[in-house]
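For reference, the structures are reproduced in the following blocks.
Same chain, two partners: subunit A is paired with subunit B first, then with subunit C.
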Partner chain A sequence: MIEILSQSASASIQDLGRFSAVRWGVGTAGAMDRLALLCGNILLGNADDAAGIEAQVFPFEVRFDTDLAFALTGADCAATLDGLPLLPWSSSRAQAGQVLRLGLPQAGRWRGARTYLAVAGGIDVPVVLGSRSTQLRGAIGGLDGRVLRQGDRLPVGPLPGTGIIAGVMPPGLALPLAADELPAVRVLPAAEHDAFTGGSLARFWAEPWKITPQSDRYGFRLAGPGLEPKAPLEVRSHGIVPGVIQVPHSGQPIVQMCDAQPSGGYPKVGTVIDADLWRLGQMPIGTRFRFIRVDWNKALAAREEVEGWLTEVRRVTALLRARRAA
Partner chain B sequence: MTNAPAVSCLGTSALLFEAPGETTLANQQRIWALSREAANWPEIREAVPGVNNLLLSFNTPPRCLEPLETRLLGAWEEAIALPLDGRVIELPVVYGGEGGPHMADVVAHTGLSVEEIVAIHTAPIYPVYALGSHPGYCYLGGMDPRIATPRRKIPVIRIPGGAVSIGGSQTGVSASDGPSGWNTIGTTEVCFFDATRDPPVLLQPGDSITFRVVEIRK
Partner chain C sequence: MMRPDDLTEVAAAMRSAGVGRLELKGPDFHLVLACGAGDAPVATEVALAQPDAEIVPVAAPGLGTFLRTHPLHDRPLAGDGEAVAAGQAIALLRIGALLTPVPAPANGLIVGALPEDGALVGYGDRLFDFLPQE
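== the complex of A and B ==
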């Protein structure tokens, strides 16, 4: 068991997401930075889909009730275990009674917004409709379908026994992506792209967008040059996915994120590709960033780059495990 | 509105198929037929009917989209309206009062009396076109355009599950507490979603809803 000590209201149990219940109106939820959660699970020898804790308000504290290996990935938040500093993007061992504290996200070459605590065995809440992720609307998955509270005690699954104590280079450093020295995400145009005026589209692709304070796991509201439709657009409700960039009447886009509802009726200018959602999911409020237009082949290449990097992490982890076993 | 169906991509996660023409039950029945067909294709993770459209999510994005698009357009041409004879669920509704805080706005917009609005709202059998928005929520067809009322300029932060509301030319019932931009005119008690059931939803495309007036509160 691990116990939540913080009053912070916005940490939640997440895995990679719930992807086959959209036809029942259930959104995907899942980790905003799936690469970070995956790396934690790889280090610990967990299944890829083991659930961890996503923390996004700091400081955040938990106490281990038993000896347990854990990994911290995502935003570097100057974590300590009983006061002793821990390296970001690495696994460690805790002893029963020790307190893990996540401080404020640190500025550096790569600054994130969300930190993932993965534990050996995974957070063992029931699988609901194929996932342990917390789905707030409808209150399913996670712990009673809600964010974590002080005093919650979370069960841990059977120990995999194949974990290693090691670190991973953060993908934000290993797979950098920038445009005009600003962080960037790649976008495939969507159905209504060409229904916006040429001038406003040119600015959409060429100018920076800022993540406003009205941004959370549901969606990122952006501020920037604005998009103007050539004529009023009528769109009928249809299924959507995280990453869809909706344009409401204001012209200021909203990127739908992991807790977004699974359907929408706003015009869509594009979709942040799945391979880059983790980048956006880690951008703190106030970040200025750029969209990079890609076609299908470039989007697939981006996906392969991420998969290739994950394969390398798995390979090196397996090598280290073999060396230590020898 | 164009005359040809349109296929577009939602990143590398999904394809969106949009049928031409008006939103009608007959068109929607073809969407259901297309959905059943495409759900069996190996590269498709899930087929999700929307209102006159269909989302197809991928297990793994295909190397090349054209063959899938061609197959999808061909399947649409061959799709014959699938008249699903689902269940008809009657929902007892208390109209107006505390549970229907925006009834006055619908009165103001339509110029009809509360009694007339309730009579018009309880008359049709509403087919469930699709599910979406939140777990168990049904997009319904069939509302009488006389009671159509624009969505609210400022959405309500939290309306309760069971809220019966009108947004534009559509009506619906919230399946759980949450934000909404629609005008709530009444309330009902029904459980649309239970993750422990299989399927977890009370209603699916092809089922229908009728509303019965229990009481009109001022």
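== the complex of A and C ==
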């Protein structure tokens, strides 16, 4: 078991997401940075879809009730175990009674907004509609469908026994992406892209966008040059996925994120590609970033690049495990 | 016999001469002075060890690229002259996408690193001179 010590955490249990129930109107939820959670699970020898804790308000503290290996990935938040510093993007061993503290996210060479705590065996809450992710809108999954509170005690699954104590190169450094020295995400034009004026589209693709404080796991509201439709646009409510960039009447776009509802009626100018959702999910409020226009083939190539990198992480992890077992 | 006040002078002399590390050993003392590179101020960490303390090597636990600084950070995990706790990561060996920690063998002081930062090292290579302390 691990116990939540922080008073107001707004941390939640997440896995890679709930993709089997979208057709029934159930949003995907899942980690905002799936790559980070996955890296933690790989180091620990967990199944890819083992659940961890996504922390987004700091400091955040938990106590381990048993000896347990764990991994911290995502935002580097100067974590300590009983006061001793831990490395970011690394697995470690805790002894029963030790307290893990996540401090404030560090600026450093890559700044993230969310930290993932994965534990050997995974957080063992019931699987609901194919996932352990907390779905706040429907109040399902995770622990009673809600964010974690002080005093919550979380069960841990059977230990995989195949983990290693090591670190991963942060993907923000291993797979950098920038445009004019600003962080960037790649975008596929969406159905209503051409319904906006050429001038406003040119600015959309060429100028920075800022993540406003009205941004959370549901969606990121952006501030920037604004988009203007050629003519008033009315679109019937239709299915949408995380990454879709909607344009409400204000012209200031909203990127739907992991807790987005699966339908919406605003026109869509584009979709952040799946391979780059983790980049956006880690950008702190106030970040200025750029959109890079790509086509379908480039979006697939980006996915292959991420998959290739994960394959390398798995390969070296297996190599080290074999060497230590020898 | 050298007095603590003399250390400032010795450190200044080391800096002007470009000496990065000075080690003095006597029957009842063991002194290690280290200073940072470039324009950084002279480090004043000073080791007054037990008379029988010996500098020991820290060997590479495996193969990899020797990194004294985590890729996300600007400061080394453990600088020359710095006191560290047993088991604390004092360097990393990068193997592809992974970073394996090099743990401190005991509580003690980092005297200095032998390989250049970023050098490829092999299993058993001497990475650090280390001064164990009580």
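Convention: the second predicted complex is superposed on the first by the 325 of 326 C-alpha atoms of A that agree within 3 Å, B and C clash if a C-alpha of one lies under 4 Å from a C-alpha of the other, contacts with A are read in each partner's own complex, and residues count from 1 in each chain.
Everything below uses one rule, namely that a contact is a pair of C-beta atoms (placed from the backbone, for glycine too) under 8 Å apart; a residue touches a chain by one contact, two chains touch by 3 or more.
Keep in mind it's a predicted model, so treat the numbers as computed, not measured.
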>> Going by the contact rule set out at the top, does A:316 touch subunit B (first), subunit C (second), both, or neither?
In response: second
> Once the shared chain is lined up, is A:303 touching subunit B (first), subunit C (second), both, or neither of them?
Replying inline: first
> Is A:190 touching the first partner subunit B, the second partner subunit C, both, or neither of them?
Replying inline: first
> Given the touch rule stated above, what does A:237 touch, subunit B (first), subunit C (second), both, or neither?
Replying inline: first
> Which of the two partners, first being subunit B and second being subunit C, lies in contact with A:90: first, second, both, or neither?
Replying inline: second
> Which partner, once the models are overlaid, touches more of subunit A's residues, subunit C or subunit B?
Replying inline: B
> Taking the superposition as given, does A:168 touch the first partner, subunit B, the second, subunit C, both, or neither?
Replying inline: second
> Once the shared chain is lined up, is A:128 touching subunit B (first), subunit C (second), both, or neither of them?
Replying inline: first
> Which subunit A residues lie in the overlap of the subunit B contact set and the subunit C contact set?
Replying inline: none
> In the complex of these two chains, what residues of subunit A are touching subunit C?
Replying inline: 76, 84-85, 87-90, 106, 108-110, 165-170, 173-174, 309, 312-313, 315-317, 319-320, 323
>> List the residues on subunit C that touch subunit A in their complex, please.
In response: 62, 70-74, 77, 85, 88-89, 92, 94-101
> Okay, in this complex, where on subunit A does subunit B touch?
Replying inline: 19-27, 128-129, 135, 137-140, 188, 190-191, 236-244, 261-263, 268, 271-275, 296, 299-300, 303
> Which part of subunit B faces subunit A closely enough to touch in the complex?
Replying inline: 6, 8-14, 16, 18, 23, 45-53, 55, 57, 61, 63, 65, 130-137, 139, 175-176, 178, 193, 195, 199-201
